[in-house]
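There are two complexes below, and they share chain A, which is joined by chain B in the first and by chain C in the second.
Let's look at the complex of A and B:
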């Protein structure tokens, strides 16, 4: 395998299988390159004198450029080594994956918009039958193809999306007039099992979005929901996302060794950031409603805001000490800064200054807040608290 | 094993989808057609295309009647109506008008039918809502459907209903 940046790289690696089709000419030049390499080391007494020493040397593109500039290695060897560091077949694979993902996304979007047009001239049962056949075929495809390969997973995602298309078309044809939350909730329920066994992040993101959307639409559509309860419901919604975040952290005690584990597919750190962003976007209104009405707010609003502030603090401590994560802290500090600035502006405008003074001092507060937050994050970065997780 | 779960998960999905399909088709084929007068208004949904918002004459009459009832007896608002159905009286052309709220066990004359509704207190001025509140049609067919005066409703036995189309002043279905 190629070496990652800044990871120890053995120069004496065996030539991997995927280069087997290389031409004889290249193989020959590689041999001469190695000879040159060996002779270069002999001619430089201060360089590493054995392969054992070389094993501890990290190598990347910049080091190669530097060595070439100094004349330690010649340009041919640099090119040869770059081929080891960034093999061409990886680019081909990356391109293939991107094209497949974009292709699948565009085809699915095309299907969604085709049926959204609500063609009157296609018989109703033909429309539903077509979509149902597509669901069956994509699910069969996902079953037949290897589990861990991308095509099979994309087919499972397609089956999940098509289930939603079926429900949408069903609503069009039978004029069910169902509330939007019922539509999304049924969709979520139907694809839950696929999401659980699929181990595929795009499918998980779809599930998470739909679950949040149906929950949000459900509670905001409840009759008799007064402003007091809105604050509480935002808090409950934040906690629901928090439970998922907590589950993710518990299931992945060590993200670095998560490869191959049952929940290893949740290892990328952006899954944490996504859940945290969802939490923060519901904690924000809870706090904001209270800040905007702090003089007149009811006990329920104030209490919800207090709990939300507590959760924010817990999140901060969690990502500072339990799972050190600078980007997560940055997201939180952004929210806190905005809230502080809003609070400063509201209090000053209500009680102290007219609009001009408020604008001036709010601007100063903004500079101080963001400056302080940025300085703190930079000091954390400099101390390298993030290091143990940087690899994942 | 996990691999076979993909197929196993397909079964409940298909069961739910096909059962709802069967249920709706039964109502569409078996139900009786009545016409509900409309007061229309129209926006667009992302996944389902163009649609028209519907307000039924019977819904507004029922809402007004409910308001009168609650003014006489304020407790009624919290308890809600005893049955979530209204009684419609039909004329010789199957046009339906709101007659009264249905009481459990009450007998109907041959000219009367039941229609279910949703009771939504504290939700705007009218607590009575007859579903559906929207009618979906092909994009661009909005002009033709703006002539709609009646909602064509298929009634099931117990107030179940399904909107199957819109009719114009002359009581004929609009087919763009």
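Let's look at the complex of A and C:
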């Protein structure tokens, strides 16, 4: 949806200085203009110059085509610029990376298939030995390669995955009788140290997934913790993921200039969004269970919902004031809007109206909620509260 | 202390460089004088300020989710009010009224600077969904009754009309994209579900070629592409849908064509596979030429282009249509700096790569050997590029890259890693 009004169209907010000076500018000598451009491009701007305004604009094929169509640049310059935009060696590098990634994937898949085919005929000891060898080799490779090199980190990830494979095969051969949650929990324990020292985000994502899964399976296995305690289980999940989110924010004091810091590897904002999405996906059912049974809900369900509402509020305040992040707020508001609409529909249908009235007021509530949320977020963007915006 | 990893390490694959980098390159290369440089900068600002900037995608998605929810609720409300008991003409007129009202509210909302503007926009999106539904339901019945057309093609034609209306009266890219994609998807579905079987192959081919030609036209004429970006994106997604459908169709051919003669089955299977793959291989080759065949550069790049053509030929002969499309999407995404297209291509490559090997009529052992061999070939290809030094660029490229490449810092860091 276009956002002419309060959106971050910063280009349109300030009139470029040089437009006002057009006539005087034309009289300037080429040398002076050249010097001005050079100084502006070496980022020593004082006040809003055209070059400062251009900082956030990127050049691509579309823009070059449009400049050519307007006659601003000639076709030769366009062609040369296209060559600059995508030099031959970048194309080759891109192709090389793709071939390498797909090639490695296919070879690994082939090896897995090979063992899968011969699995039944391989002696148990050899099966375990092969996997152990693979773990040792990958871990050794990760240790020998430079700490920050991507291949080393990928090897560490492979070692972590193979650990799970080893546990599965071990369980299959010896029929340990262990519960599913014990398998995942042991996997988590075994790869924790690698995860901590690896500083590799995919490894952390794997670790978190396994931790959540083992906890979920453990809870499901407990006879006394079913049905009425589902809300509590979701809440505990949300809190656990929240703790990780808090740690991420704590360890990264300045997300805008994280590069070079000890925990700079945590800087990509998707890590925050992923953790927040995990939290919200557990807070949502906690609140929804209470809304759907608000008249008959037990104390445990009501209390869980109350705490979940409190956490939602804390998250909102955190991403509004402490770590301003509009996309994170958008995720939260989406959840809140859906909950409000569901609450309106359930309460009205149960106690106040029949289908017609309930549908009408729920539709109005939907328009009001989503319209209000979009308007609020748009106003935040226009005020530049987003940390990314502030940092750019 | 060891250098920290650069999170932007692979962004050279995707991101467009800044305008300032380009202007600096032009200045340093001394191809143009300072006045012209100033004029270019001014024109870029004019272009950017004159263009209606859209809200970030997550904000548009939030509004769209809200519109879908409230749209369904309003439709149900109108159903309870008996709107759908009205005559077909009344239903169609009501649909048009809702669409008109939505357009007015949207424009009004865009002009407002207060929160009320957002409510107008949300209401407009809601009414638009309602209006479209009523129009399709009403007009569909009228056209079906008058012209005695099949339902599928009737609905497709009306969805085409809805798309045109969206482009004319509703200046929202996400809305236009959805309208265009639904129309294009309905064409494939109609072709699959409601056409004589002996015409399906020709129909698929023609529609595929029409999609490709439309995309080529949009790439050829940039101003057209700019005003029809939503349509361009919808065409690409529709192509993905079609190839996905065709692949499933060919793979599930035996059960689908069970009632046809064996001869015809063989022809259809053969025809589908090869006509689609040959079309896509030619398109991929043309795309590579379009990207690489810039004036003055084609001659320098003969060997890489021949290597690329050999790769396309191998893919056309050995792989499936999905993988060919995936390559095309990734190249196009890289050439136009559209990350979504690169990711879509990557997803397609993974899914159809998996399907390809899964559907091979071989034992697990034979499959494993083929997987290892094909992986080794790709790795050899990667090594060949490295060995030939193409990835390091020629001396000229290296010199220019060291000083003013599109993302020198990224390139430098990549090397340092």
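The rule is short, and it goes like this: the second predicted complex is superposed on the first by the 257 of 392 C-alpha atoms of A that agree within 3 Å, B and C clash if a C-alpha of one lies under 4 Å from a C-alpha of the other, contacts with A are read in each partner's own complex, and residues count from 1 in each chain.
Everything that follows uses one rule, which is that a contact is a pair of C-beta atoms (placed from the backbone, for glycine too) under 8 Å apart; a residue touches a chain by one contact, two chains touch by 3 or more.
Predicted model only: the values in this text are computed from it and were never measured.
*Asks:* Touching A:194 in the superposition: chain B (first), chain C (second), both, neither?
*Replies:* In the superposition, A:194 touches chain B alone.
*Asks:* Once the shared chain is lined up, is A:171 touching chain B (first), chain C (second), both, or neither of them?
*Replies:* A:171: touches chain B, not chain C.
*Asks:* Figure out whether A:220 sits in contact with chain B (first) or chain C (second), or with both, or with neither.
*Replies:* Once the two structures are laid over each other on A, A:220 reaches no partner at all.
*Asks:* With both complexes overlaid on chain A, does A:147 touch chain B (first), chain C (second), both or neither?
*Replies:* Both partners, chain B and chain C.
*Asks:* Just chain B (first), just chain C (second), both, or neither: which does A:94 touch?
*Replies:* In the superposition, A:94 contacts chain C only.
*Asks:* A:381 in the overlay: touching chain B, chain C, both, or neither? Say first, second, both or neither.
*Replies:* second
*Asks:* By the touch definition at the top of the document, which applies to A:116: first (chain B), second (chain C), both, or neither?
*Replies:* both
*Asks:* Compare chain B and chain C by how many residues of chain A each one touches, and report the one with more.
*Replies:* C
*Asks:* Kindly list the residues of chain A that each of chain B and chain C touches, one partner per complex.
*Replies:* Residues 112, 116-118, 147, which sit in both footprints.
*Asks:* Report the residues of chain A in contact with chain C in the complex, numbered from low to high.
*Replies:* Per the touch definition, chain A meets chain C at residues 1-9, 11-12, 16, 18-19, 25-26, 30-31, 33-34, 36-38, 41, 50-51, 53-55, 57-63, 65-70, 72-73, 76-77, 79-100, 102-114, 116-118, 146-150, 199, 259-261, 264-265, 267-268, 326-327, 330-331, 333-334, 337-338, 341, 355-356, 359-360, 362-363, 366-379, 381.
*Asks:* Quick check on the complex: what are the chain B residues that touch chain A?
*Replies:* 2-10, 12-14, 16-18, 20-21, 24, 28, 46-50, 120-123, 131-139, 141, 162-164, 176
*Asks:* Please name which positions on chain A make contact with chain B in the complex.
*Replies:* 112, 116-120, 128, 132, 135-136, 139-140, 142-143, 147, 156, 159, 163-178, 186, 190-191, 193-194, 197-198, 223-224
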